[in-house]
Amino acid sequence: MPEAPLLELAKVTLRFGGIQALSQVSFTLREGEVAALIGPNGAGKTSVFNCICGFYTPQEGEIRLRGTRVSGLKPHRVARLGVGRGFQNIELFGTLSCLDNVLLGRHLHVRAGVLGALFAPRAWWRDETAQRRRAEELLELLELQPYRNFPVLALPYGVQKLIEVARALASEPRLLLLDEPTAGMTAEEKDEMMFRLLRLRAELGITLLVIEHDLRVVSRLAERIIVLDYGVKIADGPPGAVQRDPEVIRAYLGDTRLAEVSA
Amino acid sequence: MSEALLKLVGVESGYLRRLSVLHGVSLEVAPGQCVALLGSNGAGKSTLLKTIMGLLEGEPRKGEVTVRGERVAGWATERIARAGIAYVVEGRGMFPELSVLENLQLGAFHRRDAAAVRGDLERIYALFPRLAERAKQPCGTLSGGEQQMVAIARALMSRPTLLMLDEPSLGLAPRLVEEIFGTIRSINREGTGVLLVEQNAAQALAIADYGYVLEAGRLVLEGGAQDLLANENVRELYLGVGGAHASDAFVKRKRRWN
Amino acid sequence: MRLLERYEQDLQHIKDAQGWVLLLGLLAALVLLPLVAPGYIVYNVTLFFVFSLVAVALMILVGFTGQVSLGHAGFLAAGAYTTAYLVSVGWPFVLALVAALLVSGALGVVIGLPALRLEGPYLAIATLGFGLAIQQILNNWRLVGASTGMLADRPRLLGVDFFGDTPFYFFTLVIVGFFVWLAFNLKRSHVGRAFVAIRDAELAAQMSGVDVARFKTLAFALSAAMTGVAGGLYGALLGYITPESFNLILSVKFLLMIVVGGLGFLPGAILGAAFITGLEVVLSAQQNRSQLLFGVVVILIMLLEPRGLYGRWQKVRRYWQTWPL
Amino acid sequence: MAGLLQALVSGLAAGSIYALIALGLVLLYRTTNVLNFAHGEFGLLGTFVAFTLLHGAGLPYGLALLLSLLAALLLGGFNSLLLVKPGRAALAVGLGVLAGALAYGLAAAWWVTALVAVLTGVLAFARLEPTARTPNALGLIILTLGVSLALGGFYALYFGTDNKVIPPLVPDVPLRLGGAAVSQLSLLTSGIGVGLMLLLWLLLSRTKIGLAMRATAQREDVAKAMGLPVRTVLFATWGVSALLAAAAALLLAPTTLLSPAMMLDPISKGFVAAVIGGMTSLPGAILGGYVLGVLELLVGVYLSNEFRASFAFLAVLVVLVLRPHGLLGKPEVRRV
Amino acid sequence: QTPGVSDTEIRIGSFGPQSGPAAAWGTVMTAIGALFDHVNAQGGIHGRNLVLITRDDGYDPARSVAAVRELIDRERVFALVGGVGTANGLAVMPIVKREGIPWVSPSSGSSEFAAQSDGLIFATYTNYEVESALMTRYAVQDLESERIAIFYQNDGYGEEGLRGLEREVAALQEAGHDVTIVDRVSYERGETNMAVQALRLRGGEADTVVMYSTPGAAASLIAEFGRLEYTPRILASSTLLDPSLLANPGMQGALVATFMRLPSVIVGEGNGDPIADEVFNTIVVPYAPEAAQDPFRALAGVGFAQPLIVALEAAGPDLTREALLEALRGISGYDEGLFPNLDFTEGYQGNNSVMLLQMTPEGLRPASDYLTY
């Protein structure tokens, strides 16, 4: 029997009052795949993430992670199942330092309980230092060490985006959802981010689902592109094919842009 | 030539009195000119706009900001805004509980010409049909891109003499970016000065007359938009062209102007 | 400036020699104090110990998880009455104190559960109501003296009589010190981080796997339990307790301590408790001007240093560290 | 049955005062996000001024009332400008005033007070570093608490702590209504409360300035950057809220006697009422006031007088667990 | 060397609320200060000046303890006088006893102070239990009340009133009087809305209501009575002898207790007791004009301190605590002060009598003689 796909959306429909944010969206992600979710503004991309993570409960349809039904679960339960996420509008713990933000990402892996936290026995020390080591390694990996002790609130936008990625990675997710990870970056910074993501992918073998508007990034990063428009999936396939899809061009790219990208 | 719409001379500014971010920035926006300001993360672009708007109390600590010849240092933010500056803040600055329509109405708060305001609203709705659909939706529940549309539309509603935009293309789909830049260009053609802070250098320079590059709080390069587009460094770092692969760019990341 | 070589060092509460000197100096001063200071100072410092325990407990709830409580006088009362009553029926004091911890902690859970759905002013009013209800129940409960109140005895244990001021001072110091140590441990652990994460960005905290409901209730329970212990000590310190002593004003005073001290910082809670207790002692000689002066001092602090005394202290320290740069 | 009717009528009468207080609190919370602990003291100022004008200056009744409302309005407005959201100049003035108050408290000589106030103000203006003075939400609440203590202390010092008698607005002859006696005063109170609620509701939802008020509450910095008249808005909302407090205090004082501690209990009831109705809803404030008033009466008469407050608390808790944002309040818009 | 006594001074301490909701009671201390100033102006006591040192406790027992500690340890007071509040006083009592400080007139109507005096505490405040019992007895025997209800503050003060009523009614029933307590209605301190209480009282159809409340609560209750058109006979504790209530139309005809002589400012011009008038005019008005606003509490303050002055005089020039206590215990039938017939020879409750006054539009009129328990 073939293994269940890592992520499976089956006919997911989400409504807000009269607004149909998602209609009958279905797709699956294999383990290790890197996919991009694109589409015009308000198409429902972030809503897909929110449904997977348990912030929204779809009215119809099902979402499964490795065969386990997740729709209806609380977000922290979904996180336990191995989903990590970066947010579109940065959602960091503003007053905590960069290091603490990443350490919080390790929350799932902390073995100590409340009593351990209170009385700090040997075992707690061992556990906590182990968590720190992992967090510091991640900071190292993403070159965030210079910001280690700063409260993240006052850091530049791009650095904050990176810390979001670091925090999501810290929980060692099997599925990493990133919502516009390179928004607000210069071309050079985008390249860096792309490079890092690819390296992570190579080293850790995580499955990535990325929402992104910059097609330059998308086409280099993703092996597969899923396109949403008005809550409906209009295309799904390898980058080349999707970018040539006239429907996608009409809804998303606009004509002038097309030439530039395919060039 | 008439005096500059906005002029900064040797502006130094920062946060909390101790942290300094801008180290002597001088730039100028002439009436009807479209100026692009580029710079990497943390260069101080947003800080510059906040300083102009008087949002940082006690700043600029040195230097001068003049709007149409008047020194605005020490003015209340409201007064600077009423002098005809519309400012699209980074992060969209939504009033989350207010509806799209109410946000737009606030943009026209100081206008008395009710008929013209209605006309502008029609134009906005034509430009962003999405907003017409969602006129009653509280802004806080809009998608990121929809919020960005509201932020830009709201600024346009005030018919400013100077439009300052902090990364208007953030989170917008490519087609919309193009439309918005087109709109900015046409508004600029109608006589509105524009100061455009952007990461999307290609598009920004495509519509700008003049450009500045800010690095670590200092202006390192300025010139006509076409000249900048041709500049080797700009091409590499802001346009992502110049043949570099992702990995190469990563290796070169430490490279800077100075 | 000293470089840290191991992660453990980063986790230590006291990171360098300077810190140790400070701490030991402080401890020595506290130990010597009752030997040299007159009784009223000893009493006031003991009161400060008790209040700093309450402030630390409240800081965990309000400063870390961002859940406002206007009902901590209620938890304090629960602790004080539990202790006083059990001692009056013959329990040993320390056991009664443990019971106070459990009773208040349980009340914390009881109030923490409905509080899960509430925030901001709604939570503030719900906890305020809790405080009033506790007061009212005690006020009508004959077993504990109703509105007349009851005697609260001081501990006698291991043959030592803690009735005297100085012994009771040390007794309080040890117990409060122990719980404050626990609070500091909590703060640097994953629990403390989760608390703050909930305050700063609840949704993101959930996505990192934090069970928000569990941790919010935990914060309530821990805070209430510690306040209960403080209540037991408070009753014994006063010698006589009545329901009206545990009024809304007291709850507000605790809130005042942590905000004036510096919201979000444990040392701030202690600073705030010291400041407010001291200010009251100083102002009590000012007759009918005391309230005006108290109010003005509070406003001045909030205007000049919105981040509280601890924020100011950090600035001063930073100034000296970078001096003469 | 007549008993129940009377209980309802009396409950509504009590509720009308709570409603008026809640209205002021909600107005302020909705437009500034501040929970104002000094609401009672703002109200008291009006009442003390009225008392002084009536007994000291012998002004006619109507004029005294008008002036006292005006005094409350100004106090509220200036409080916002000097203390709650000060600019640099305002902060200097505010600090001067406070230092003056400190000097007055310590020395009580007017010339010392004036000297210290002026000196501090000037010094503050010249030397004050304009750091980011942004107390968090709780800090703001504590600030209003400080204002409350200082004002209360000032009243005690200046007007005295004795109980003062203030004549009622209308002679409180009860009207008969199907077996129940209805107080004219509470009818008047209800009328004022509902009328003002409607006015304020219209102001907030139908006018440009109302829109600006709501916007300022949500993002003050953005409102400023858009050129909205933030200071005017702040002055107006704090002022009007204080005026509502003064109206409530003036209506209440004839029955409860005027003293610095008079408003403590009604204000806390007002808070509870505001929360029951929903902190963000003006009609909710009115509704919450009446609900609380009737609830208290019914519990007190039919269940238990001793545990009235506890039962009322339980009821509030039930309401809140079912509707975490009060009866008519709306949850904050939030998404990721 | 006795603490607090030097060749030139005698240091006396006092505590009470001067801030917060109960701040009105601060007047007591102000008035004591006025009396001391007056005595000093007359040459002091055996050549020593009286110095009053006060502490504000905001009515919080924890702070009362702190205050008294400081008064003893730092200010080294010789004795305590006054001290407002039942809980506050009870919290302070252990230290007072441990240090052996004489304490004259705790300002609380609780019977605990005299009961647990240990020879140190001298109560002058007729306790509320006695006051209430005497009022009840008068109402039943002289006014023929049959259905009595009580309206009381749910704290130590109100409880004492309730206890007095219950005890006396039981005794009266025993003696064959047809009298019942129809309702006991309380309110919490600080509450201002008395609609529930008014409804309950009217529903019980009491012909007489005994009030143990603050003036504000009484005013609110009376206003509610007015709305309900309910007019029972009212008997009020001495605490309600407040200028603000005298002109209240709803209070006209009410009987109010007093345990001290009252001046014209309270009872109406020309009706005042000459001793009280003299105290008011020569002590309160000149030395504490601000306290004159609140004549009842001001006079109470003077009354509390008078026995201390008398005893200090009697203790002679070699002042020690023992001498003072001896002199206090010797006070017998002292009749020149504000409290008539003060006496500590029988016990530590020096004052056990009350007189009833009737509120009339012309002022307060004596309705009874001094009644003694």
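We just call them A, B, C, D and E in the order they show up, numbering each chain from 1.
Definition applied: a residue touches a chain if its C-beta (ideal position, glycine included) is under 8 Å from a C-beta of that chain, and two chains touch if they have at least 3 such contacts.
Quantities reported herein were computed from a predicted structural model and do not represent experimental measurements.
Listed by label, the chains touching subunit C and subunit E alike are D. The fewest steps needed to get from subunit A to subunit D, moving only between touching chains, is 1. Each chain gets a centre from the mean of its Cα atoms; the one farthest from the centre of subunit A is E. Interface comparison, C-D against B-D: more C-beta pairs in contact at C-D. Centre-to-centre separation between subunit D and subunit E, using Cα means, comes to 35 Å. Averaged C-alpha coordinates give centres for subunit A and subunit B that are 29 Å from one another. Remark: subunit B and subunit C have CA centroids separated by 48 Å (rounded to whole angstrom).
Between the Cα centres of subunit A and subunit C there is a gap of 41 Å.
In subunit B, the residues touching two or more other chains are 15, 141. Among the residues of subunit C, those in touch with two or more other chains are 136, 139-140, 203-204, 286, 288, 290-291, 294. The multi-chain contact residues of subunit E, meaning those touching 2 or more other chains, are 19-20, 23, 26, 154, 188. Here, these are the chain pairs in contact: A-B, A-C, A-D, B-D, C-D, C-E, D-E. Across the interface of their complex, subunit C is touched by residues 18-20, 23, 26, 29, 54-58, 60-63, 65-67, 69-70, 72-74, 86-87, 90-91, 93-94, 154-156, 158-159, 188-189 of subunit E. By the touch criterion stated above, subunit C contacts subunit E in their complex at residues 38-41, 43-44, 47, 136, 139-140, 146-149, 234, 237-242, 244-245, 249-250, 280-281, 283-288, 290-291, 294. Those residues of subunit C that touch subunit D in the shared complex are 62, 68, 114, 117-122, 124-126, 128-130, 132-133, 136-137, 139-140, 203-204, 248, 252, 255-256, 259-260, 263, 286, 288-300, 302-304, 306. Listing the residues of subunit C that touch subunit A in their complex gives 6-8, 10-11, 182, 185-186, 189-194, 196-197, 200-201, 203-212, 218, 222, 264. On the side of subunit B, the complex with subunit D involves touching residues 15-17, 53, 55, 57-58, 76-82, 86-87, 89, 93-98, 102, 105-107, 109-110, 138-141, 154, 158.
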